[in-house]
Every structure is written in C-alpha cells, then in structure tokens.
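For clarity, chains are labelled A, B, C, D, E and F in written order, and residue numbers in each chain start from 1.
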C-alpha cells in the first residue's frame, strides 16, 4: 500500500513540496533528491514535521556540501532502488 | 531611471514573484507575460497592491481565456516594445 | 523486480537524467530487470549523437548508449516529442526531408504506446523530471 | 533604438522562444534595430535544422531563419552551450568527430563574448527564459 | 493488452507557458487507446488548464480546450481537482471547460493508493 | 572594447540541480575578460550555491566552489546576497565559500538602478 515520493526541488519551490505533502499518507516515505535535499537543512526541516519517513539521497547531499546534515537518514543509489521495491508505487515531484 | 520587469511564472511560483517585487522601485513597471498573467486574476491581484504600474501581455491573456480580466491594462507586442523603450533597462523573472 | 524509467528532462541543463542513469546502474547491479527507459519531452535530447563534452565532464547520451549495449537495454525516445524537438533517426529524417539525423544508434524512436506497454510489463515505473 | 535579445529556453517545451519571436517582429516593425539574438542554455535548440512540426503547429527554428533572412539578422548560438547539447555546425561536427551537423544555416555558433559585445552595442538587452 | 493497470497522471503546470499540459493529454489518450483506465489529477496551477475560451492562436499554439473536450470520447471521465486548488484561483466548476470531479484534500492519499502507476508531468 | 557598461547577473537557482549556477559564472567570467564591471546578485535558493565543501564528483559534475574561488582573480568581487535570503536558509557568511557582500532588501531597487544591463539566469 505505501507510496514512495521523490522530490527534487529546493525551498524556492514551496508549492512543489506542498502538493507532494498533500498527497502523502501516514506510512508513505519522502525521498529528497537533487535540489530537494535542501529541505533537510535545519531551517527548513520543520515543514516536514508530519512526514514519518524521510530519506535524502547521499550523492546529492554530499555534492551540495551538506555533509553535516543531521537527523535525516541518507540512502545511496542502492538504497533508492531498495525503497522503490519496498513501496508499491513511486510518485515523482519536480 | 525606472526599470521594466517582466514575469512569466504563475501563482505556483510565488518566490519568483516575491523576488521580483523585492527588487522593484516605486516607479518601475511590472509586465505580466506567459503564465505570469494569472497573477492578474481577482484572487491573486492583491499581492500586487504595492506595484503602481502593472501591465499584462494581451496575447497571453487571450490565449488563456482571461478575456474578462478587469483592472489590469493590457498591452500588445508593440506595447511591450514601447515599454522597453520607455524604461532604462529590462529585468526578466522566470 | 521489473522497472521502467521515464526521463523527461534534457541532459546538462537538468540533473534528472544523471540521477536516472545512476538509478539504472544501481538497479541492474542488484539484479533487477530494466524493461525500458522511455525518454519524453525535452528528455528526448538524451538520445542525441551530436553531444560532445569536455574531457572532465560526462556525456550522458554516450553513457546511455554504453549502458544499453552492456545490458542489452531497450531505450526508446518518444517519436512525437522527438520530431518536434529535432531528434531524428534516418527514417524520420527522410520522411520529413531534413538534411540529416542525430539519434544515437542505441536508441529507438517509437510512440507513447511503448510507455504504456512498459508500464503494464513492469512492477515499478519511476519518473525523472526537471 | 538598438535591441539585443537573449533566449534561454528550448522551443516547444517553453513558450519563451515564441514570445521572443513575436517581440522581435514587433520591434522590427516599429523600425528599431535588432543587433543580435543570442541563444543560450537550452535555448540553443532554437537553432536546430532538424525540427519538424505538424502543419498546424509552428516551427520555431524555421521562423527564426525566415526572420533572420528577411531582416539580415545576426542570430548567434552560444558555442559552449551548443556543443554540450548536441547542436553543431559542420566545422564543430568535424572538430568533435560527430557524424553530422544540425545547425540551421542562418545561425552562427560563437562565444559568450558575442553576448557581451551585443550588450555594449545595444540600448536594451531583453532576456527570454523558461 | 490483457493486463489492466490503473494509471494516474498528475499535472502541476499552467497551460501554454510550457508543453506539460499538452503532453500529459497525449499520455492520457494513449492510455485510453490501449484500453487502460486513466485518471487525471490537476494540482495547483494545473487547474488553470481548464479555464474556458482559450484563444491560443494568439501565441501560435493548439487549443487545449479542444483536446480536453475529446477526453470524454476516449472514455476519460475521471478528471479530479482538489477543492482547495479551485478556491485558490477563485474559480468555480461552472467556469471550467469540461465537467470535473472535486476531491477533498483529505482524499488525495487514498486516491494515490488506488492507482498502480502514477506519472507526473 | 571601449564602452563600459555595468552588468548585473541575477541567479535564483540552487547549484547542480540545473546548470544555471554554472552558466551564470560563465557569463560573469566573460564580462570580466571583456573588461566590463560585473556584479552578481544571488536571490532565494541561489544563496545555496555558496555553501562550502561541495563534492559534485558524486553527481558527475564540476565543482562550483572552484569556479567561485576564481572570481576574485578575474576582479569579480561584488557578489551580493540579501540578508533575508541568508537567514531564510539559516546560513551565516562564515559558512560560505567566498567573501560576499550582504545587502538589505531595501537596497535592492537602487542596486538594479545602478546597472546598465541586467541578465537573469
């Protein structure tokens, strides 16, 4: 039943995240990729308070100099594939 | 001295408009083009309250079925060129 | 598991195709099946044989080609989207009387039906957009 | 007045090039001078000679070509942006050993210096992005 | 094709500024040709696609209203819009080009869960 | 070239997700090569371009920090960021890769007015 949502837009694209969140069920997972990883910055993470399962793509976090992001679990590309298999469908927000 | 600002993104891109507005001087003009013309809808126009000079590009208004937009002065392509000549520089927001 | 990927963004300008490439490599590494990669919208430019990159930058179309050859992948560029954007194989170049073609030989031009068919045949469909 | 236009978006996917075309026609109609149109980023695809459009849709690259020929315009495609995106003239196709070229003959590949030079020579520089 | 999967196409884009609206409809019609049930969900600015009386000849584009009108002929009759999106733009259903189904924001997660394939565009 | 014009380049984009940051720097360096004074204004997510310790080899891209570090050698030393943009992302100037000039939001209209050519990217 649960859905994996990926999101690749940064905080300037607030409506992209809002629309993503509006479709998320409690047991869904949000995977932040590309510019979406900036939502995991301490100054933005609170908008994700209602999301139980948050992951961020490791390559994108490292690429952008966000090594010290705490609190958000990182997944590598294999983990991304794993998340896809563990959820029934994937919805991409961009 | 005054600047012409064009903006081509719709209400989903609120930060595009916000950043545009943050750079506008009192005597500047805002020209809404392409998807930017939706800001002239009655439900959105109030965010432009502080802008003294607002125009919308006629072709884009008509293309999108917004013929009954009232309150916003329309300019055609010749008017767009005219606005460029009447201002010292043009800043495009997209 | 059987995957299909949809790539909707142009390479270089958007990161999405690079993310899709890494994802494709990871799923193949794990032993999953990649039924098809379908390139749509400006994503059709991933099929260009004319892209060149400085030596220290990656060439996405060539990487797709190499991956497809290594794993015998079906990489399809949407024909309707491609023709409007100037991505042609020899057949279409002739049909539309254009002076040449530019689709990398590993790619195939085909219709949106290939997207629907792939969705039916796959366990997961993942979109990469920009 | 002397104008230069910068077009940063790909045709068909974005409306910006079509807006730029209408703007260019309007300024020429009014007797202004169009010093140069500079195509940058995915805007380089405006220079593709391989785009085909159904009869009831417009072909932007052909329209640019027609306008340039009618008014003897200087329409320049950024060479660094173009090579990375697979838009080549015969010289670059040879230099990079690609199998063909696809730049419409009315366009010229050149460097960002042409953008700076045009800005200096013009009264107004207008960017069309998407 | 024998297997049926339920397709959900999600659009977030206004019409004409980009080709997204047009290219979503192209996927929808293809699903229908292949006899797959397809639902359209229009979020945010995508609601604006359904305003009536487009005159896109002004910007040299094809009329999306005409394509929208053809959806019913292809048995695509589930076009969903969240009430909040309509309200945000100050629109009411009688201003739209085709009949749509209003959905409460709370129903969106269930909507996603009842589809097999979700394609955003 | 003899005529001098003051160029202002405005970016609104985060790095790496699109090529905008890179292609803005390419214009900036070209202005400098042609001996034209150029100012960079980073708004919104563009501030994130200046976070330190990028490792873009992870996503097969070139390091923007390195390009940013070369700006000073090209006499491009006016890199402006609105205080509000920095605050929005919870960043302080000492977390950034290169020295920048903070600007009050109220000064932005005057900044635009003091430049001849404004290019957004």
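By definition in this document, a residue touches a chain if its C-beta (ideal position, glycine included) is under 8 Å from a C-beta of that chain, and two chains touch if they have at least 3 such contacts.
Everything quoted here is computed from the prediction, not taken from an experiment.
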Check: Hey, what chains does chain A share as contacts with chain D?
Finding: B, C, E, F
Check: Does D-E or A-F have more contacting C-beta pairs?
Finding: A-F
Item checked: Same or different contact residues where chain D meets its copy chain C, judged by the half mark -> same
Notebook entry, point to check: Greatest Cα-centroid separation from chain B: which chain?
Noted result: C
Next item on the list: Sort the other chains by how far their Cα centres are from that of chain F and give me the top one.
Entry: E
Check: Roughly how far is chain C from chain E, going centre to centre by Cα mean, in whole Å?
Finding: 26
Next item on the list: Let me have the rounded angstrom distance from the C-alpha centre of chain B over to the C-alpha centre of chain E, please.
Entry: 27
Next item on the list: Among the residues of chain E, pick out those that touch two or more other chains and give their numbers.
Entry: 12, 16-19, 44, 59, 61, 117-118, 120
Checklist line | Residue numbers of chain A (touch at least two other chains) | finding: 8, 12, 15-16, 34-35, 59-60, 89-90, 92, 94
Checklist line | For chain C, residues contacting two or more additional chains | finding: 12-13, 15, 19, 22, 41, 57, 125, 127, 129-130
Margin query: Please list each pair of chains that are touching.
Written below: A-B, A-C, A-E, A-F, B-D, B-E, B-F, C-D, C-E, C-F, D-E, D-F
Margin query: Under the stated contact criterion, what part of chain F meets chain B in this complex?
Written below: 10, 12, 43-44, 82, 105, 108-113, 115-118, 120
Check: How about chain C: which of its residues touch chain D in the complex?
Finding: 10-13, 41-42, 45, 48-53, 57, 61, 83-88, 92-93, 96, 98-102
Checklist line | Parts of chain E lying in touch with chain B, wherever the complex brings them together | finding: 12-18, 44-45, 48, 51-59, 61, 65, 88-91
Check: Tell me, which parts of chain F touch chain D in their complex?
Finding: 1, 3, 5, 7, 19-20, 23, 26-27, 30-31, 33-34, 36, 117-121
Notebook entry, point to check: Can you list the residues on chain C that touch chain E in the complex?
Noted result: 6, 8, 40-41, 80-81, 111-113, 115-117, 119-120, 125, 127, 129
